[in-house]
Structures are given as structure tokens and as C-alpha cells.
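Per-chain numbering from 1; labels A, B and C assigned in written order.
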Amino acid sequence: MYISKKAKVGSNVKFGYNVIVEDGVTIADNVSIGHNVVIRRDTVIKEGCVIGDNTVLGKEPFKAAISATTEKRELPALIIATNVTVGANCVIYRGAVLKDYVFVGDLASIREDVTVGEYTVIGRGVTIENKTTIGRYVKIETEAYITALSTIEDYCFVAPEVTFTNDNFLGRTEERKRYFKGPTIRKGARIGANATILPGVEIGEDALVAAGAVVTKEIPPRKIYAGVPAKELKDVPAEQLLENQSYYRG
Amino acid sequence: MYISKKAKVGSNVKFGYNVIVEDGVTIADNVSIGHNVVIRRDTVIKEGCVIGDNTVLGKEPFKAAISATTEKRELPALIIATNVTVGANCVIYRGAVLKDYVFVGDLASIREDVTVGEYTVIGRGVTIENKTTIGRYVKIETEAYITALSTIEDYCFVAPEVTFTNDNFLGRTEERKRYFKGPTIRKGARIGANATILPGVEIGEDALVAAGAVVTKEIPPRKIYAGVPAKELKDVPAEQLLENQSYYRG
Amino acid sequence: MYISKKAKVGSNVKFGYNVIVEDGVTIADNVSIGHNVVIRRDTVIKEGCVIGDNTVLGKEPFKAAISATTEKRELPALIIATNVTVGANCVIYRGAVLKDYVFVGDLASIREDVTVGEYTVIGRGVTIENKTTIGRYVKIETEAYITALSTIEDYCFVAPEVTFTNDNFLGRTEERKRYFKGPTIRKGARIGANATILPGVEIGEDALVAAGAVVTKEIPPRKIYAGVPAKELKDVPAEQLLENQSYYRG
């Protein structure tokens, strides 16, 4: 175990074996850190968090020689707010913010310039790319892929293996860089398993994309779309609307 | 390296560096444990197993604040039977049972209340969610997603990136909790690459789902279904039926 | 930390905590190795490389009891050429070659008998299976699955969650072993997000597969195909052709 003398550690913090805590890290009271966890410099972990084995917190981006979207700059520290749970073998970057009660499954990764709202669940093996904003009470399920420059508002549901995209030009032309844009998923919208959402598409409030659909254009609020390419099927049934859910808090 | 005094270790056990073995663990003879492996309390590893580097065995579930399917209780220990091989960077939970000769690829995760039958292969990056039963001689290939409450019988084949689902209500209504159900894949059925299987659907014995299909309803035995949504295409050719395979043992 | 006396380490090499370097490893000058990294025997890391935390380099294949494509033999050492960057929690096998300036994202895995050409990017969570050749300036994006026996030529683009396949018989018949073959992606071809490519299919030079397509047969050069199954849509626009890109070097 290595804990830097330039780290601050609160009371009742449990450390597993072989934990590494670098300079400038702050760990509040009542935090539990698993075995082999790496906590990179300046990371802030607030009260009541649980971190699983072999997880890396506060990783700095490595720059690819030919990356189109990553520039080198000093990022703010990773902030993990109160009562957040992070699974095993995760990688969470410097420059991310996980708000209170966020839950991150095993083997997930979350990049820089990402905010994840309160009570949101990031599932096992999920990737959240950079420059993405995720609201409160969202569920992003196992192995879903959230591309850079996406927006997911409160109470959305993204099923397993969903794929978001942000580049209609698939790496060609210079002008594409002006058009990079991930999907925008409006409040309470739901995306079915293994669906694919094309760049910059907006999914309206409380809309529903069926499993396996390929969404090529805007979907209006409260509509169900299905198929390849996705077409309107019917209205979302009233009993499934967000406003009719017992857990909905506005 | 840390090996609890309350762990039992057999003869001819090879440990890598930085291995952590907690209280109550039992490791039988002739087991090989890679570097940085974490073996959580009570885990049982039987004779002849091989465990890859950086793998976590016997993890306890962390509960999400808003999870619909995980309750807190004391689970039985993780049991890894004889001659099982587990890759690197895996996460396998307390409450799982891996039977003799199971093979688990790198970066896979297997949750609690899961049984995996003899000689079954769980591929690289696969997720097996909780409350799932998998038979013998099954192959689940890379990055496939097996949702909670699924059943996969003997000799099934699940191709890469397949997605199983278990919630037709995508997180809405209270009644949905009564209907949570994963797919049931009958003996010898095969699911093609990147197919999506809707909640509770049954795939009949020795049936075949084509690559990329979205299966919305029951598929009869020995039929091939393809498309979005999947429709009957033809019969499975006789030479591909399970009963005509040299490796089939009944 | 454990560094074998039978390893050679150059000057200005930075090691994180708990690093394990086995016999016969060679690490050149100016290499940076993260925390908890495992470097298995004989691995060669050339000048200027950066390796992320918790990554395993030089893993030997573990053989599944019922694998159809893995035989046991002594493989050549893993070679990581100059200025390669590897993320955190990756697994890279003995018998792979990563050429100069390759970039590998977090949680990716690359198997034996794989060559990755100069400046190629292997994204986060990607799997590259064995016996696969990947050219220069290729981008393989997050969670894409490249099956065994695939060929991807220079300047190709493979979008997130794409699935390659190599077995039309899905594990049945003995004769299938003669027909195992992954896709061949010719120079500059591009595959859209979550597309599925059937075994042995050839995608022509500078062709484009739309997001979500299922490609069942050959695609001619410079054509766009879309749908399930994929059908010809139109020509690739001239401004997107490889020969018209500023970064194209022949």
C-alpha cells in the first residue's frame, strides 16, 4: 500500500491491500476502498463512497497520435460525491464529476468532461465518452456505448448494448469536425436494447425506441419508433409515461 | 502478497505477485493463480484451476440506490469446480457456481445466483447477469450480454455481441416487476451475432436465429428465423442438427 | 514491485507501484509504466511507450477444453514498438505485434498472432481476436468486435459496437473448420456503428456500410450499402473518398 503524505484521508476509511493513493487526493469519512485500487492525483472522494477492487480513479487521458477530438490540457480533478458506489475494474477519468448516489457497475469507463447526475446508474461495461452530460435518475444499462458530445436528460433509460454515434462522415472530410454531435435524449425518453442512434439525433421527451431499431432522424415526444430505419409505431401508453410513475419527482 | 491465516491452501499451488486471499478461502491442489488476483472471503477453488492476472473472485454485489432487481442478503460462497480456467481482469461474484472445465475469457463478469454447467465457455468480455442458469457445453461468445433471469440449456451457442433483455416495460410501471423474465434458450439452439432477444421469449430446441435478427416472439424447434423483426426462413439443415454432431453426448 | 533480474530496463523508465516485470522482458528508454501493470516474460517494449494502470502485457493464451481454433504452442514474444500508448485494464497477448504509434484504449484486449500497423487506434473495450491483421492508420472504435481470421487494410474505419463473424455454421458440422474466415476490409473501407459483417465477406476499397446494417455478401468498392440485409444505396460521395483526404499518405 502506498498513501502519499500529500493526500488527506478522513476517519473510518477502509483500505484494501495494495491500494495506491497519489498526491493531493482527498478521501472523506466512511469511505471503503477495495484492493489494488489506484487513486490518481487530486481525486476527491466524498463521504460514504464504496470503490471496488482494481479500479482506477482519476486517470489522465492519453492522447492518440491521430485523435480528432482529444486535445491536451490540464483537467479539473475527478470529483466523486457522497454515497457513490463504483464497481471493480473500472476506469474513471480526471475531469469527470459523479454526483451523489451515482452507481457505476464493474468494468465501466467514464471519460473527462462528463457529469453524471444524482442517483444515476451507469451499468456494467458501459462506456461514457468525453464531453457528455447525463442527468439524474438515469439508467444506462450493461455495455451501452455513449459517444462523445451526447446529452441524456433526467429519468432516461438506455438499454443494454445501445450504440450512440457522433460522426456522420465516419472520419472523412475536414468539415466533419464542425458537425460532430452525439444524440440528445430528452427527459424520460427510453432507448431499447441494441438500438443504434445516429449523430445529432434528438429523441423527444418520454419517447420510446424499440429494441434493435436504427434511429436516423428526430423522434417526437411520447411516440414509439421501431425498425431499420426506425418508423413511428404508436403512442407510448399512458401508464408508461413518466408523469404516471410513483418514483417520479419532477 | 497477503494470504489470510484463515484460508486453506493445498499443495502445489502457484501464486503470482501481489495476490490477496481473504478469510475462509479454500484453494485445492495444483491451482495456478496469476498476479494481482483478489480472492474474496469464502471462495472455493477446486483442483487444477487456472486464474488469470488482475481477476477478482467472490465479489459481493454492491447495491444501486435505485436497482429494481438486487436485494441485500448473505450469498453462498463462489464455487469454482475442478479444472476451471478464468482469464485476466474478470469479475466473478459470490453466489456463482462454475462447474468442472468451465472456461471464462478475459474481462468477463459473472454475477450472483448464476450456475454455469460443465465444459461451457463464457467468452471474453461477456456479462452474465444474476439469477441465470447456463447448461453444459454451451458457448457464449465475446461481448454477448446475458440478462438477469435467463435460461440457456445444454449445447447452445450464443454468438458475439448478442443482447438478451428482460423488461418489456423499460423501467416503467409497478406491474413490470411481476413480468421481468429473460429469454429461455432450449437445448442446442443457436443465436447469431449481434441478434437481440426480447424479454421472456423462448427459442426452441436446435433452432437458429440469424445474425442481426430481432426476435420478438417464440421460435419453434429446428427453424431458422431472420430479420427485424425475425421471421421464419427455413428449417435448420439436417447436418447442423445437434443429434448429428460428433461431439454430442446426449 | 517486482522486477526480474533477468529483465533489461533502459534509462528514464518510470514505474508505478506494484509493477511486475518477469524474466526476459526488455524495456527501452523513456517508457512510462502505470501502477499494478503486469509484464509477462519476454515482452519487448520499445522507446517512448506509455502503459496504463492495471494492464497485462504478454499474457499467454489459456486453452478452453472445447475451443475450435486455439492450439497450444510456443508463441513469439509480444512486441510493442516505439511510441505506442496502451490504456488501463487492457490485456494484450504474447504473439501480438503493435507497431509504432499504435494507440490502445482502456479495457481493450488483443490476442496472439495479431499485427496492428503504425498509427492505428484500437478503441476502448475493443477485442481483436487471434490470427488477424490490421493495417496502418486504421480506427477501430469503442467495443467493436474483430473476430479471428479477419483482415483490415490501411485507413479503414470501424465504428463502435461493430461485430465481425467467422463461422457460418455456428459451431456445427466438422467441415465448418475448413471454412472459418473473418471478413476482409479493403483499404479505406468504413463500417458504420453496430453493423454486423458475416463470415468471409469482403468489403471493397473505400466502400461504406451504414450503421446497423447486416452485411451478408460482398460489397463493391466505393459503394454505400445499408439495411438488413444490406443493399446498395448509392456511391460514396467524392469528398469522402480516401484519395481526397488531407491525411491520406498513399
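Criterion: a residue touches a chain if its C-beta (ideal position, glycine included) is under 8 Å from a C-beta of that chain, and two chains touch if they have at least 3 such contacts.
Note that the coordinates shown come from a computational prediction; the quantities given were computed from them, not determined experimentally.
Student: Any chance you could name the chains that touch subunit B and subunit C both?
Tutor: Expected: A.
Student: Is the contact between subunit A and subunit B built from the same residue numbers on each copy (over half shared) or from different ones (under half shared)?
Tutor: Under half of the interface numbering overlaps between copies: different.
Student: Rounded to the nearest whole Å, what is the centre-to-centre distance of subunit A and subunit B, using the mean of the C-alpha atoms as each centre?
Tutor: Computed from C-alpha means, the inter-chain centre distance equals 25 Å.
Student: Could you check subunit B for residues that touch two or more other chains and list them?
Tutor: Residues 18, 36, 54, 89, 107, 125, 143, 161, 194, 228 of subunit B touch two or more partner chains.
Student: Spell out the residues on subunit B that touch subunit C in their complex, using ranges where they run on.
Tutor: Residues 16-18, 34-36, 50, 52-54, 83, 85, 87-89, 101, 103, 106-107, 119, 121, 124-125, 137, 139, 142-143, 157, 159-161, 190, 192-194, 208, 211-212, 227-228, 239-242, 245-247.
Student: Could you list, by residue number, the parts of subunit B that touch subunit A in their complex?
Tutor: These residues of subunit B touch subunit A: 2, 18, 20, 36, 38, 54, 56, 59, 62-67, 89, 91, 107, 109, 125, 127, 129, 143, 145, 147, 161, 163-165, 169-174, 194, 196, 198, 214, 228.
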